[in-house]
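Here come two complexes built around chain A, the first alongside chain B, the second alongside chain C.
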Partner chain A sequence: MMFPYYLSLLVFSPLIGILVLVFIPKVKEPFIKLIGFLATLPALILTVIAYIAHRNGAELSELAEKVGWMQFVNPEMAGKIYSIDYELGVDGFSLLMLMLTALLSTLAAIASIHIKKEWKGYFMLFLLLEIGMLGVFAAENLILFFIFFEITLIPTFFLIGKWGYFEKEKAAFKFLVYNGLGSAILLIVIMVLYARTGTSNIEAIMSIMASDSDHLVVSAGTKMGLLIALVVAFGVKLPIFPLHSWMVEVHVQAPPSIVMLHAGILLKIGAYGLIKFGMGIFPDQFQSLAVWLAVLGVINLLYGAFLAFIQTDFKKVLAYSSISHMGVVLIGLGALNAAGIQGAIFQVVSHGLIAALLFLLVSIVHERYGTSDMAKISGLAKSMPIAAGILLTAALASLGIPGMSGFISEFMAFLGLFKEMPVLAAIGCLGIIMTAAYLLRAVLSITFGEAKRENTEVNDVAPLEAIPAAILVGLIVLIGVYPNILSGSLTSTIETILLGMGG
Partner chain B sequence: MMENAWIIPLFPLLSFLFLIVFGKRLRAVSAYIGIFLTFASFIISLLVLIARFGSPTYKAEGIWLTIGDYQLTAGYEVNQLNALMLVIVSLVSFLVHMYSKGYMHGDGRISVFYAYLGLFTFAMLGLVLSPNLLQTYIFWELVGLGSFLLIGFYFYKEEAKAAAKKAFIMTRIGDVGLFIGMILLFWQVGSFEYDEIFAAVSAGMISEQMITLIALLIFIGAVGKSGQFPLHTWLPDAMEGPTPVSALIHAATMVAAGVYLVASMFPLFAASETAMMTIAIIGAFTAIFAASIGIVQKDIKRVLAYSTVSQLGFMMLALGSAGYVAGVFHLMTHAFFKALLFLAAGSVIHAVHTQDIEKMGGLWKKLRVTGPLFLIGTLAISGVPLLSGFFSKDEILVSTWVHGHTFLFWLAVVAAFFTAFYMFRLFFMVFTGEARGKTANVKESPGVMVIPMLILAVLAIGAGYVNTPWFGTFLGDWLTEGNQALGHGHVEGPAWIMVVATAVSLLGILLAWLMYGKKTIARDWFSAGVPTVYGILANKYYIDEFYKMTIVKGTTAFSRILHFIEVIVVEGIMKMVAGIISGLSKLGSRFQSGQVQTYGTVAFLGLAILVIFFAVTGGYLK
Partner chain C sequence: MDLETLLSYHWSIMTPEFIILGFATLLSLLDLFMPRKINRRILGWLALTGILAATISVFTLLGSAPESILYDTFRLDSFAIAFKLLLLIGAALVMMLAVSYEPRERIDEYRGEFYYLFLAGLLGALIMSSSGDLITLFIGLELLSLSSYILAGIRKKHLPSNESAMKYVINGGISTAITLFGMSYVYGISGTTNLKEMAAFLPTITNNQHLYLLALAFFMILIGLSFKIAAAPFHMWAPDVYEGAPLPVTAFLSVVSKTAGFIIILRILLSIFFNVPDQTGTTSLMLSLQDYLAVIAGATMIIGNVIALRQKNIKRMFAYSSIAHAGYLLVAVTAMSPFLVETTWFYLGAYLFMTLGVFAIIQIVTASADSESINEFGGLYRRSPFLAVSMSILLLSLAGIPGTAGFIGKLNIFMGALATDPAHYILASLLIATTVISYIYYFGVMVQIFFRQAESTKKFPLSPVVGIVIIICVAATVILGIFPNIAFDFLHEQFSSFKDFIQ
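Let's look at the complex of A and B:
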């Protein structure tokens, strides 16, 4: 099944859609939407095929590809040639992220039916964003990673700024300023690593750093500094308190279909970067930082939960809920054992699915009610019983009801942390109660109660809206009922990380 | 047969899935699907129980989740306790399914109702079959979900919404205790399996303090689920759900799950004296505390709800006094007579369309079947001799006395007196005297509702005879067979206990009769005599108000403080960042003034710096 340049084709497949869209008149709304949707399919099919092949024993290293890209001579060190190569490759974790990206892109493309204007520009940017996200997870080279990382920023900026809600421009600029600063810090880290090691290949850097126990290549202090810089850079993305305020605005102002990708994938790049680069390149330093990550995780968890408890706009509840749930990722990483890391990765996947489902519902409800203000919507169970049922399901998944994916990740993250720092973990458990409190408060105030009179005349979920919801619910339940379906492909990734930590 | 036990919970699950998808089109037919599938569950449960009599415990498992070096498993187990529970749960569930056919007749969302019932029954049966603590926890949460959905069934009522939310959050507080206890236990034992946990406990692998801590944390879970003080307030509010739900979930099965949890982890609890003492004290206190509230309630379902809380307290008291058999025995008899009482109460509500007992009265003549059935339930719960409640309550009192809890014993005796009193107060106010409301259209319930009540009435009378001091303690001997950690099948106690128990229950009935039947004692002698005490009881010791003032208000206030931090500090940082950037830009733009002189100066300065730089360093930054 694996042909050469498999990953390149996968990453750049949305480009076909962009090229086709160029030649389509911008008024042909249904056609543009169809193309936009179809263009997301090749990547989805290719990731699923690769995943199935991997489950059946195919080596992921077969997928790696490398092409010489640019070379230059360092005038300082005569004879040594610096090169930056175009290198793609995947492991179990990044393959999972690719699949999640491809899936959510397809579903978000479906959810984009509610976009009201300039569909051509919208879908071109949308597909460009998908290329960026896929590239981030497939890059095996720090500089390539950075380029893809930047590619995600630009389309997101325009998608928020042009197709968002009332204060969209402000949100878009906030997004750009924060993420721009994060990128700048990331770039510094990458450049220092590149200059010191002479390579930008991630695995090569990892092995150089691993053998550099005497700190000859990079001094111990610099390593720590670089790791802290990485945590800040990815902490903006994740986001880690107090770097989060931009993402609240984005959650509220961006079009819901873009928030599906934003909450589902873009935030996860932060977690991915912390695991892949933070843990992978600086294992020793990461260990001494772990306690602080766990503390930050508990702060994120509780801070997000308490703030979600008093919001009046449902989108804001979900925004703070995302902050809270990303705390679980940090808790798992801070635990730094098999259970914790696996919990963090599960949470990345699980929250991706659940957040996408919740924002899909936001788009469905917003389309009909024109608002997401919880004071203005009630009795959804009467006016839209199916939507209300799915909303309740999504909320229950989010608050960690067993049988759905949220529970598995929360359980493993806490299992991990209780082994290392039981008192901190016990404080964090307060978040489990608060999550139930704020989600039920929000969701019940929308779905239960008397239907307001002006609210009764709405149609329930249309088939085109129900299909993505059903797929997401199905996956959330599948992972929840049989979690081994994911943990199988993660075993080797986690073993590698723990091995780097020294067993 | 036991190897097929896994199929038992699948029937109701099938019912749930099928009805949630196709229910809308099936409408009233949904009821038959639900009834049929739970009946199938009941039959298989019965066969499994019979099979368990003749053969040892059966257990089957498969790998569920791999975490590093640990392999967590999922599976099922059939031992004495859960074989018994399977039959109790599936039987009551089946009867409630059948009863609901009549009670929910004409409700537009009947298919949803049956779907939820199916989900709950699935979860409850799954909970019972679990061979490890993690799986127990999973189903433990799912029964809570079922309960939540059914309490909120009338979603358009504000009270139902509030009650559902309250039930979920309050039980979740308890669940977090269980969650922490479970994880701590895992890191002590390296496994969630019950048998490995018990092996580790008996081998002394876990320190005394750790066992106490873990046992108490797990007990917090049981406190939440079984409505024990101080997490009891959700249970009376849960009566907002349809009455058949109250019978199934909030009387017979789910609320007993806390008792079941303590029973199924009994060897762990028994290893800690402190934990056992705590359970006994909480149980006894809850028993008398809830009974005292039950005396003054005016809503037929709330009286029964407080009675449930009180009876669960009795069960906890038994378990805390090492009376494993007594606790499980009372769980069983209570399931039957309390389900009967709720269904009979539902039948009354169905007839008179009110839950206020002040508006009822004289219904004995109108409800010729419900009346006697309600009386049977009342007699059983009051501990009148020869009915099931008499035997199981006696067993609890004996265990408490023999274990040396003299004070708790007398508390329990007073609680038993209260029980007899408030139950017969209820009976006399509803069924005797003059009709106080509109009773012209009062009709007896249809057969589909009466038959389940008849079956439960038979069990409420007869179920006690499986374990009596006179005809043999078959149940106790069987439950404890081959497991010394559970204690003896039967505890011998002084004979006067039975006399005392009978006397207090008859006294309670007598007092109720004098006040509400014959009316020789004025009804308001208590409320008029000591209005303060009456006020406290009628307001349930103001515990809801206390929680509202402290926890709810405190949480909101804390959230507001964080919100303040968010606005001032976090947004402040952002404004600062934005300010620095725009400040730098403004500074830069000042140079773009269009004045050639300025540009020239800057260019000259730059050139000068570069020249100096080259001159000093030779061009490289080292």
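Let's look at the complex of A and C:
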């Protein structure tokens, strides 16, 4: 089943959709939406096939691809050959992320039925964004990773700035500048590594750094500096506490279907980068930084939860809730043991699904009420009982009720941290209580609050909207009751990371 | 010199220069004797033919062994051929813009001069690229400068055009004088104007006093030449001249003239100051003065990018953008990495295409609106999707977004700055930071194009010639961005890394 250039096809499959869209007149709304949706399917099918094959024992290394791309120094003059190859490959972790990306893209394409104008441009950018996100997780080469990372920036900027809400342009520019700076820092790290080691292949760099215990290739101070720069670069994306303000605005101003991808995937690139590059390339330095990551994680968790408690706009509650939940990822990483890392990765996947579900609901509700202000949409249980039910489910998943994916990830992350830093973990546990408090406050006031009279006339969830919601709820519960569906493919990744850490 | 020696020279290596010279003479004669009522536009096509013929003749010179004639004052090495290609391609595209240029008050009377002055300027630049002597270098420089002064003021009845020509002459005169003053020191110490002899003599200098004088000469030459490339401290002419001059002239100044500026800087730095020992005698004067060069580069990048943020006039904005790009290129010059010439060549090539494409689009948009405000781009997306998409691709390239030639160029410069020992971390970080600042104004134009409403819905009269320029530029930008190896392989195969630079 694995044919050559499997991953390339997977990553670039949305391009077919873009090319088809070019030739479609821009007034054919239903047709454009259909093409946009169909174009996300090949990637989904290919990732699922690869995942099933992997579960059945196929080696993922079969998928690796390598083609020479550019070589810009004559070896005679520089001594070292500086070449950059086009290298794709996956491990268990990145395969999961690819699957999550492909799935959420498909669902977000369905949720995009509520887009009101310029569907053609919207879907072309949407598919370009998908290419960028898929590429980020499939890149086996730092420079290629960076290229895909930057490619996600451009469509997101336009999607926010054109199809967003009232203050969309301000949010778009804030997004651009923050993330531009983040990726600038990332580029510095990548290029320093490249210039020093002479390669940009991730595995090659890992092995060079692992054998460089005497700090001959890169000095110890530089390594620490690079890791801190990396944490800042990915900290903007994640976001880590003082760097988060852009993300709240994006959550509020961007169209909900894009926020599904933004909260579901783009934020997770930060976590992915920290795990894959931070832990993978600088294992020793990461260990000395772990305490601080855990502290930052607890701050994120509490700060996000606290601010989420006082918001009146449901989108803002969700934005701060995302910050809070990303704290759990940091806590898991800070714990630096198998349970913690696994918890962090679980949280990445689980929050991706939950956030997508919540924003799907925002899009459904916003479509009908024209607002997401909690006071104005209250009484949802009367006007839209099904939506209210899904909302309650999503909120319960988000606050970590056992049996749902949120529970597993938080439980493991804290299990990891309690083993290493019990005091910090105890403080962090307050965050879990606060999470329950703010989510229940928000959801109860929306669901059972006093219904406004003008709200009683709205239709409940349409079948087309119910399908993505049902898929997401199903997956959240599936992971909750059968976590092995994720952990099965993660074991080898986590083992490799821990091996790098010295056991 | 008797006739025999004169005939014994291999004049064939000067073919491109002779062709341009011939066409310039022919054009001026035709302009003189042609009846007044004949449209001079035909001369523009003739000039274009000349440039294309010269380009072909450069291709036939590819791969020939380095050779010099006229007592080493004119040399044809791979450096000369490579940069001549850039100059000729740039000039050809500029000429295509010039042919279709039509200002409001019409310039029929002196349209002929318009064309052959371009050729004269180009001839100066070509001579600079292959001069082996300070005298020919200076003559080339002056030929280019004098032609440009007149060109800037060619719209004789247009006040800003006159103002810009005046400013250009005065600033240019001062800076040329400073350069010449600096050159006189070098001549005084080495006793020769020939670069090859200087390169042989200068390393033997031991007298510290002479070294101080040479350092002084270095600064004077550098500061004088910073005028030509529009770098700090002589950058202030650029915004005024770019704004006032006719658009093809602006394009000529920002591409051909700037390329010529870098040619002369590289020639002088590499063949003179790279060979001067510094006081300790361990390294070269050039390398020990690197920090000062870095200050110029840094200042240029900051000034260009920060002031561009505030511009309302599109030509003025691109003047600052062109200052910024000179700053990026100076980073490469400062770092003096082993692949300096390749990097500069590639970046100038990428810059040529992206800038000329942008100017072609500006020419269309501003001509039909009769205003040069950035707001004229409002709603361009609706008025002409072709122009809008082309402009975005070019802007993304200028901003250095992956997938475009601009990114590869910046990546090279960046790598060069980090690959040397000691690495130029600060300069590299500044390069990246100012690049992020540049996102704001480049994306600002795109915001106009895609998010704003058009004031008129009038379609643009798109002349096929300008259309071809735009298509060539966009295609080259994208192709070099995705397959950069086309250019790098060409460089490696044809020029074998410029090893014959001084021999």
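In this section, the second predicted complex is superposed on the first by the 496 of 503 C-alpha atoms of A that agree within 3 Å, B and C clash if a C-alpha of one lies under 4 Å from a C-alpha of the other, contacts with A are read in each partner's own complex, and residues count from 1 in each chain.
As a convention for this text, contacts are C-beta pairs under 8 Å (C-beta built on N, C-alpha and C of every residue); 3 or more make two chains touch, one makes a residue touch a chain.
Predicted model, so just to flag it, every value in this text is computed and none were measured.
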Quick check on the superposed pair: does A:L181 touch chain B, chain C, both, or neither? Answer first, second, both or neither. both
Regarding the shared-chain residue A:G379, is it in contact with chain B (first), chain C (second), both, or neither? first
Would you mind checking which one, chain B or chain C, touches more residues on chain A? B
Per the contact definition in the header, classify A:P422: touching chain B only (first), chain C only (second), both, or neither. first
Mind working out whether A:W69 is in touch with chain B, chain C, both or neither, as first, second, both or neither? second
Considering only touches as defined above, state whether A:L444 meets chain B (first), chain C (second), both or neither. first
Looking at the overlay, does A:F146 come into contact with chain B only (first), chain C only (second), both, or neither? second
Tell me which partner A:S487 touches in the superposition: chain B (first), chain C (second), both or neither. first
Just which bits of chain A does chain B share with chain C as contact spots? 177, 181
Touching chain C in the complex: which residues of chain A? 68-74, 76-78, 82, 121, 143, 146-148, 150-151, 153-154, 157-158, 161-162, 169, 173, 176-177, 180-181, 184-185, 187-188, 191-192, 194-195
Touching residues (chain side chain A, partner chain B) in the complex: 174, 177-178, 181, 241-242, 244-246, 303, 306-307, 309-310, 337-339, 342, 379, 381-382, 396, 401-403, 407-408, 412, 414-415, 418-419, 422, 425-426, 429-430, 432-434, 436-437, 440-441, 444, 447-451, 482-484, 487-488, 491, 494, 498
Under the stated contact criterion, what part of chain C meets chain A in this complex? 338-339, 342-343, 346, 396, 401-403, 407-408, 411-412, 414-415, 418-419, 423, 425, 428-429, 432-433, 435-436, 439-440, 443, 446-447, 450-451, 483-485, 488, 492, 496-497, 499
How about chain B: which of its residues touch chain A in the complex? 63-70, 137-139, 141-142, 145, 152, 155-156, 158, 160-161, 164-165, 168-169, 172-173, 176, 179-180, 183-184, 186-187, 555-556, 558-560, 562-563, 566, 569-571, 573-574, 577-578, 581
